[in-house]
Amino acid sequence: MNLMEYQGKELFRRCGIPVPRSQHCKTPDEVAAFIEKNPGKWVVKAQVLMGGRGKAGKIKFATTAEEGRKVAQEIMATPMPPNRQNPSGEPIHSVLVEETLEVALEAYTAISVDRTTKKPAIIVTKFGGMDVEEVHEKHPESFATFFVDTAIGYSPFIGRELAFKTDLDAGYRKQFPAIVAGMYDLFFKYGAKLVEINPLVLTKDGRVIAADAKVEIDDDALFRHPEFKDWQQVLPLDEDETLATQAGLGIRNFRRFGGTVGTMANGAGLAMGTMDAVKNAGGEIANFLDVGGGANAERVRSCYELVVNHTGAKVFFVNIFGGITRGDEVAKGIVEALKTTKSRKIPLVIRLTGTNEEEGRRILADAGMTPVETMDEGAKRAVELAASGVSS
Amino acid sequence: MNLMEYQGKELFRRCGIPVPRSQHCKTPDEVAAFIEKNPGKWVVKAQVLMGGRGKAGKIKFATTAEEGRKVAQEIMATPMPPNRQNPSGEPIHSVLVEETLEVALEAYTAISVDRTTKKPAIIVTKFGGMDVEEVHEKHPESFATFFVDTAIGYSPFIGRELAFKTDLDAGYRKQFPAIVAGMYDLFFKYGAKLVEINPLVLTKDGRVIAADAKVEIDDDALFRHPEFKDWQQVLPLDEDETLATQAGLGIRNFRRFGGTVGTMANGAGLAMGTMDAVKNAGGEIANFLDVGGGANAERVRSCYELVVNHTGAKVFFVNIFGGITRGDEVAKGIVEALKTTKSRKIPLVIRLTGTNEEEGRRILADAGMTPVETMDEGAKRAVELAASGVSS
Amino acid sequence: MSIFLDKNSKVFVQGITGAEGSYHTGRMLAYGTNIVGGVTPGKGGQKTEHGLPVFNTVKECVEATGATHQCIFVPPAGAADALFEAYEAGVRFAVCITEGVPVHDMLRVVGATPGMRIIGPNCPGLISPGKSSIGIMPGHVFKEGNVGLISRSGTLTYEVVDGLTRAGLGQSTCVGIGGDPIIGTTFVDCLREFKNDPQTQAVVICGEIGGSDEEDAAAFVKEHMAGTPIVAFIGGRNAPPGKSLGHAGAIISGGFGTPESKIKAFQAAGVPVADRPSEIPGLLAQRMAVSV
Amino acid sequence: MSIFLDKNSKVFVQGITGAEGSYHTGRMLAYGTNIVGGVTPGKGGQKTEHGLPVFNTVKECVEATGATHQCIFVPPAGAADALFEAYEAGVRFAVCITEGVPVHDMLRVVGATPGMRIIGPNCPGLISPGKSSIGIMPGHVFKEGNVGLISRSGTLTYEVVDGLTRAGLGQSTCVGIGGDPIIGTTFVDCLREFKNDPQTQAVVICGEIGGSDEEDAAAFVKEHMAGTPIVAFIGGRNAPPGKSLGHAGAIISGGFGTPESKIKAFQAAGVPVADRPSEIPGLLAQRMAVSV
């Protein structure tokens, strides 16, 4: 779960990371009222999850209440422009009104999870305020990383070491270890997978302040933080994620690709393997669908309807290799789905093996269906059926 | 630093340990006003650091506002009766008005620092509500201890293991691991050396509640918790501790014993050794005084006045073996003390060796003083002088 | 031989009275796994439907049964606690089947349990065919033999093994290491064991997009196992970049983690990468024929 | 030989530009300690008044100088951080002079630095007479020889050593282990080293009331060092029970920790306990004569 800037900064505040003075506003009127009461030079920033707010004209300045109302209206009038990963853009429901900083320098720092060392990794470069991947291409030598021993945890020497190694300006040094301490605290306390400050500003009057906040919370840790429930609801799911949720799947278990061969498998690995098999057989994939471990009949039925009603599938390739998932349950679900569904019907290709496969095959046989033997065979048959348009 | 019950319970609350509903009151009027607004059966408990409140009649019940005022007056009218360790008793400045619990069972649990394993130790027995040392004498087999690996920290299995091992009633089991989690959290978060709940009550309606709270904070960790400043001021120092503080010493660096040989040494070990030496030479010790490492002239002067003015010393044995403490500084302090003090003068026996001993001896020689060579020699001479009453 | 697990390994099941725990305990017993008991707090002293003793704590279980191998079927919130409990009770081998364990719990576990071998979490377990199985793998697909297999995926593993078995290539030990970002045992950890296992003559590595475990494995093979017949497969090659498909670990990030990066690494180590699971047995048989 | 420290041990001083750090660096250099540099964040690149290089971090210091022994003179709030910094930089021997380190910091340090030998905190350091000294002990009191000494107290140690030296009994290594509740190195840790040190022929143990380190030491001697001439001393025997005198560790609690308990333990191990420091040389000489 990605947090918006204002949410990330709220967590920064709770963990003692300095942030600019700000007010989160849901309407242009609120913006105007706030600036009215708090004269000064303010920046109004769209609160969205997509990047590229600056380029999209979604960050503007205001010094008067009227100006604040006007720029907020402009910002919120249109959604963020679409990009490849967010084809429908992102609507803007609120803005953050924030003090403008007299910036002397901008650095970059983040904590994330490193798979290789199995440790939290703290990353620093003195080049902040830019796209960090671009900086990494241009100045790879400017980065330093510290992998934290979790048995020790964060200790101030880590911040010092990183500051000296990356040649951070001396103005940062005194405050930097405490800021990283706050980030590490946030990382564990709230189950974050990423805590990123870009830029970490050194102001002309010597303060070090997190001018932006990017925080990603581990979805698996959300059960520990019921307080995020409210925040979760304001985050827009894309269409595929919404459909997945409605079908009772995890938000990442369903994804559409526009082809004609619908797929469903148990387990992400096999689901990806099934797509690979369809591709290898010359077909175009309609979707990725991982029905999950231990799927029951009801879940199978809802997945059938999801693929049939919401993708361009002309055939539905069901590929189950049972471990924790039981073949009889899946077979029951398929039979029931076909019996009860009011959706259009498309040809089914079923591959069913592993746990309780005999019973599953018997249930399918009783309903007049004959499963294929292997994944490749099933993929081939599905691609043929999609091409021919024949009904099963 | 020991905390009073209401302070300990405030920390319990912050760490999620259930405590009875309560109100801390500084006057009988406050007690009456609280009970007036909150009808029910209340218990009024003196807030003191000394044990034995029940036996001393400092815990009383009240069901009406008038009764509350009356018992609070009675409790606060006289100090806690003196005992050997607190010869002047302890004044009562406030009471805790607390809901009475319908007690089904009482257990005991604590976390402290174990020197041998170098780990936090969690201790449990199902026999609570009594003097724990007495319980330990009678039912040593009822205790279980878990030494926590700090790299792992507290994990709920620890609470479960302790509950099963000590045969805690099943009514405790569900809530117990979370309560110990809160205690462990408090232990590290606030730098406690002891967190003790006695009794941990299981109520008749199935709640598990900390009915008392004993918390000792590590004095060395107080710098991390400026918020304890307020609490620190209400804790009564005994007379020796007050004198130590006034002389610029740590509160544990000065203690009086009623004898005639005053002592001062650098380092607690040598200070205790000096007392042993005086005892061995047949003398009665006036005091323990550890002037600390790296003592300067000014500190030496204030210690001289402390011993001369506030003990029954007839002679003052100064025993310095310099490591981090420099002999010249100590010598300067002695000379200056004698020159400037307006206190009565008593014979001095000085032993000065270690770091910068030559310079120190020269300074003393210039002032007409001749140090003794060894600790035993010094002790013997001091005891003789105390007995003879001769002035140096 | 085999790695990590054999006929004599004494296994206990954490969460043995839960629905999943109980069901798979039955299946493991049926496969021949030497399960000696289980743990469910508050049910100590009872017997499971299979007649196994239940204990309140791991410590009691280990003391009473001498169990050495833990199999975890508890909810995500309790997985780290179960691992710590086993570690403190002296257990040094654990398999965590649980899916959805918070990544920070695993960071803490991995950092504070030196010397403990943890398989998973979010994994199907491991099996030494003909000897013993810990986890949820469907035993009848496997066949005893001399191919070691390591996989990040669960069900894809069965697919691959099914092909091996049909081709007459039996397995020494198959380890499903799990697809989470932080796992206890990596490809390299397993390769190190296979290298020293006399039964294992060849290895199949089933990787996935995302992370750098495959690249690390390729580097290890290059340096230490150049003579061993090894075939690799990379799942999710048709997943679009930047989209996270199911496994939290399978997010393509930076240059590492792309199928191209992994294939290149394996090729540099002389390890052929199968285009589809069904090609694996043929490629492996070729390599084994050459090496003999 | 000697334990922990000899002429070649490369020492660096953390907090070398502070008042105490700088002063005692000079004294250690004068004694012959092989100090190769020091650390003060922000002063990297400078030289100390003694001409030693100053580094910003321990890592830089270790990489540039090959230092292996850390001597800490930082304020209490920074002691744990200094130890962790050294540990992560690969240093495995540290002496923490700092007094007033929070007990929880030491609990965390001791639990998370396996394999690191930490002396202290709140200790005078250690000295291998004639070779090297780390800490604040007054070198001129010591004399090279074959008596190992371990003490919880600082200044009392000097008292005892002074007596040994005057009696012609030189020392192999003298370790002031510190008087705090949680210390890195205990009597037993030191005894284990002395047992294997060819230079050390006899040992003096200077204990104190409180804790159970002395009892543990007595048990170790009984089991492993029965033939070695050893004499003990217990400080604070005239401290009243329940009163805490100076050292937080010297609080009498329960049955353990009383002078009686400690004396009894040593006597059971055949270790004579001196009534006063001045008796130690005589008792030790007696034991050494017998054992020769």
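Labels A, B, C and D are assigned to the chains in the order they are written; within every chain, residues are numbered from 1.
As a convention for this text, a residue touches a chain if its C-beta (ideal position, glycine included) is under 8 Å from a C-beta of that chain, and two chains touch if they have at least 3 such contacts.
From a predicted model like this one, the values you see are computed outputs, not experimental measurements.
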| item | value |
| --- | --- |
| Leftover contact groups, counting everything except chain A | one piece |
| Remotest chain, chain D as reference, centres from CA atoms | A |
| Distance between the centres, which are taken as Cα means, of chain D and chain C, whole angstrom | 48 |
| Distance between chain centroids, defined by C-alpha means - chain B, chain C (Å) | 54 |
| Whole-Å separation of chain centres (CA-atom averages), chain A against chain B | 53 |
| Chain A, residues touching no fewer than two other chains | 149, 151 |
| Numbers and ranges of chain C residues touching at least 2 other chains | 108, 111-112 |
| Contacting residues of chain D [partner chain B, same complex] | 20, 24, 27, 76-77, 97, 99-104, 106-108, 110-112, 124, 136-138, 141, 151-159, 162, 179, 181-183, 206, 208-209, 211-213, 216, 235-240, 242-250, 254, 275-278 |
| Contact set on chain C toward chain B in their complex | 41-42, 44, 56-60, 78, 80-82, 84-85, 87-88, 108, 111-113 |
| Chain B residues within the chain C interface of the complex | 149, 151-153, 155-157, 160-161, 164, 170, 173 |
| In the complex, chain B residues that touch chain D | 84-85, 113, 115-116, 118-120, 133, 149-151, 187-188, 191, 193, 218-221, 223-224, 250, 252-253, 255, 257, 265-273, 275-277, 279-280, 285, 288, 290, 293-294, 321-325, 353-355, 374-376 |
